[in-house]
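In the two complexes below, subunit A is the common chain; its partner is subunit B in one and subunit C in the other.
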Partner chain A sequence: MSKSLSIIFNKAPYGLQSGRELLDIALMAAAFDMDIKALFIEDGVYQLLDNQQPDVLYMKNHSPTFKALDLYGIETRLIAEHDLDERGITQEQLLPVAETTSQETIKQVISESDFVFML
Partner chain B sequence: MKTLYILNKPSLLSQCQSAMSADDGIILVEDAVVIAAQDKANTDYYVLEEDLIARGLTPKDDWNIKDYEGFVELTLAYDKTVSWL
Partner chain C sequence: MATFSLLVTANPHSSQGQFSAIQFAKSLLSIGHELKRVFFYGDGVLVASRLNHPPSDEYNLTKSWAKLAIEHDFELVACVTVAMKRGITNAVEADRNALTGDNLDPAFEISGLGQLTEAMLESDRLITFG
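On to the complex of A and B.
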């Protein structure tokens, strides 16, 4: 059976390259047939905001690449609803690439994963 | 001395605040701009416009928005700046 890997996004984009790098890891690992879960918690929910324009900082917008998670067969894509609410963000403001869920579910996914990556 | 604190990580807000005195100011830059969009935000904070736009965050009317030029002017209005890292 293939090993499962949870990739946890917990930081806002562009201050660091961690969002972009985790995304690369997710897509690469999926190409090697690992069972990947993408989890968006805490400030990581800002990774999915629509209408990002990092060109004003002379940086590349990596957010459209989140749409590739589905194409690469990464079916588990979860956002912590509590963390969205806490930040006053609604799902309509996000790219339609992941679904909201409880913290309990996120905890369970993490505990059942063979590997967990954060950056 | 009147000090402008420059904060670039949202996780360091409370540390930074505990170092601040009454007439000090704080400007949120880089990832710390997300603080402005949260309930705990104080409207006295300055927020760097370019970093909001980059992250797809829409400024609200009661925020003190500064663009890069405004940021430079702001640093001149204080005796010194501290980059809280």
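On to the complex of A and C.
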């Protein structure tokens, strides 16, 4: 049976490289046929904002790569609705790559995973 | 007894994470668990430079990891992408990229993220030190 892996994005992009690094881990693990869940919580919801322009910060924009999660067979992609609301972000402002859900559902997914990554 | 692997992302020069990781490694080995691989990612790869030279009265993480890995026969692997970005390179990569020198400690190897996934698949536990 393949092992399951939750990858938790909980930080905003560009101030730290953790979002990009987690994305690379997710795509690599997907190539090994692991059962992967991408979870966006707390400031991690900023990772999915559409129309990011980090080039003004001399940073590479890694957000288009989130669209590849689906192509790599990462079917569970969840955003904590509560954390979106708390930050005044609507789903229309996000890349259409993940669905919103409750914190309870996200906790459940994490507790059922063999491995959990958060950088 | 369980098989462990570690993921170390902590900066060796400015964070306690690497020290915690090596203490954890020593503890688990001392009670008979197996350590398969320590994978260094993010700023964690900075520990793989053999040119790291802390003051003589401070703990040398690079040498300590090397000694422990040789004594207990586990792997020290640094992610190639983040290592190259931070100027950590072996002779092969230096040559390939026309760099003027190399600095990877001989106890470490440089490899891809696949080694992290493989460590997960072949270990009972993977513990992150960030």
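Assume the second predicted complex is superposed on the first by the 119 of 119 C-alpha atoms of A that agree within 3 Å, B and C clash if a C-alpha of one lies under 4 Å from a C-alpha of the other, contacts with A are read in each partner's own complex, and residues count from 1 in each chain.
In this text, a residue touches a chain if its C-beta (ideal position, glycine included) is under 8 Å from a C-beta of that chain, and two chains touch if they have at least 3 such contacts.
Everything numeric here is computed off the predicted structure, so don't read it as measured data.
A.B. asks: Touching A:Asp50, do we find subunit B (first), subunit C (second), both, or neither?
C.D. replies: In the superposition, A:Asp50 contacts subunit B only.
A.B. asks: Using the superposition on chain A described above, determine whether A:Pro13 touches subunit B (first), subunit C (second), both, or neither.
C.D. replies: So A:Pro13 only meets subunit B here.
A.B. asks: Considering only touches as defined above, state whether A:Leu5 meets subunit B (first), subunit C (second), both or neither.
C.D. replies: Only subunit C is touched by A:Leu5; subunit B is not.
A.B. asks: In the overlaid three-chain picture, which partner chain does A:Glu21 touch, first (subunit B) or second (subunit C), both, or neither?
C.D. replies: second
A.B. asks: Of the partners subunit B and subunit C, which touch A:Met59 in the superposed model: first, second, both, neither?
C.D. replies: first
A.B. asks: Between subunit B and subunit C, whom does A:Met34 touch in the aligned arrangement: first, second, both, or neither?
C.D. replies: A:Met34 sits against subunit C, while subunit B stays out of touch.
A.B. asks: So which one touches more of the residues on subunit A, subunit B or subunit C?
C.D. replies: Higher number of touched subunit A residues: B.
A.B. asks: Quick one: which bits of subunit A touch subunit B in the complex? Just the residue numbers, please.
C.D. replies: 11-16, 43, 46, 49-57, 59, 63, 86-89, 93
A.B. asks: Quick one: which bits of subunit C touch subunit A in the complex? Just the residue numbers, please.
C.D. replies: 7, 9, 41-42, 81-82, 112-114, 116-118, 120-121, 126, 128, 130
A.B. asks: Where on subunit A is subunit C touching in the complex?
C.D. replies: 3, 5, 17-18, 21, 24-25, 28-29, 31-32, 34, 115, 117-119
A.B. asks: Okay, in this complex, where on subunit B does subunit A touch?
C.D. replies: Answer in residue numbers: 8-10, 30-32, 34, 37-39, 50-51, 53-57.
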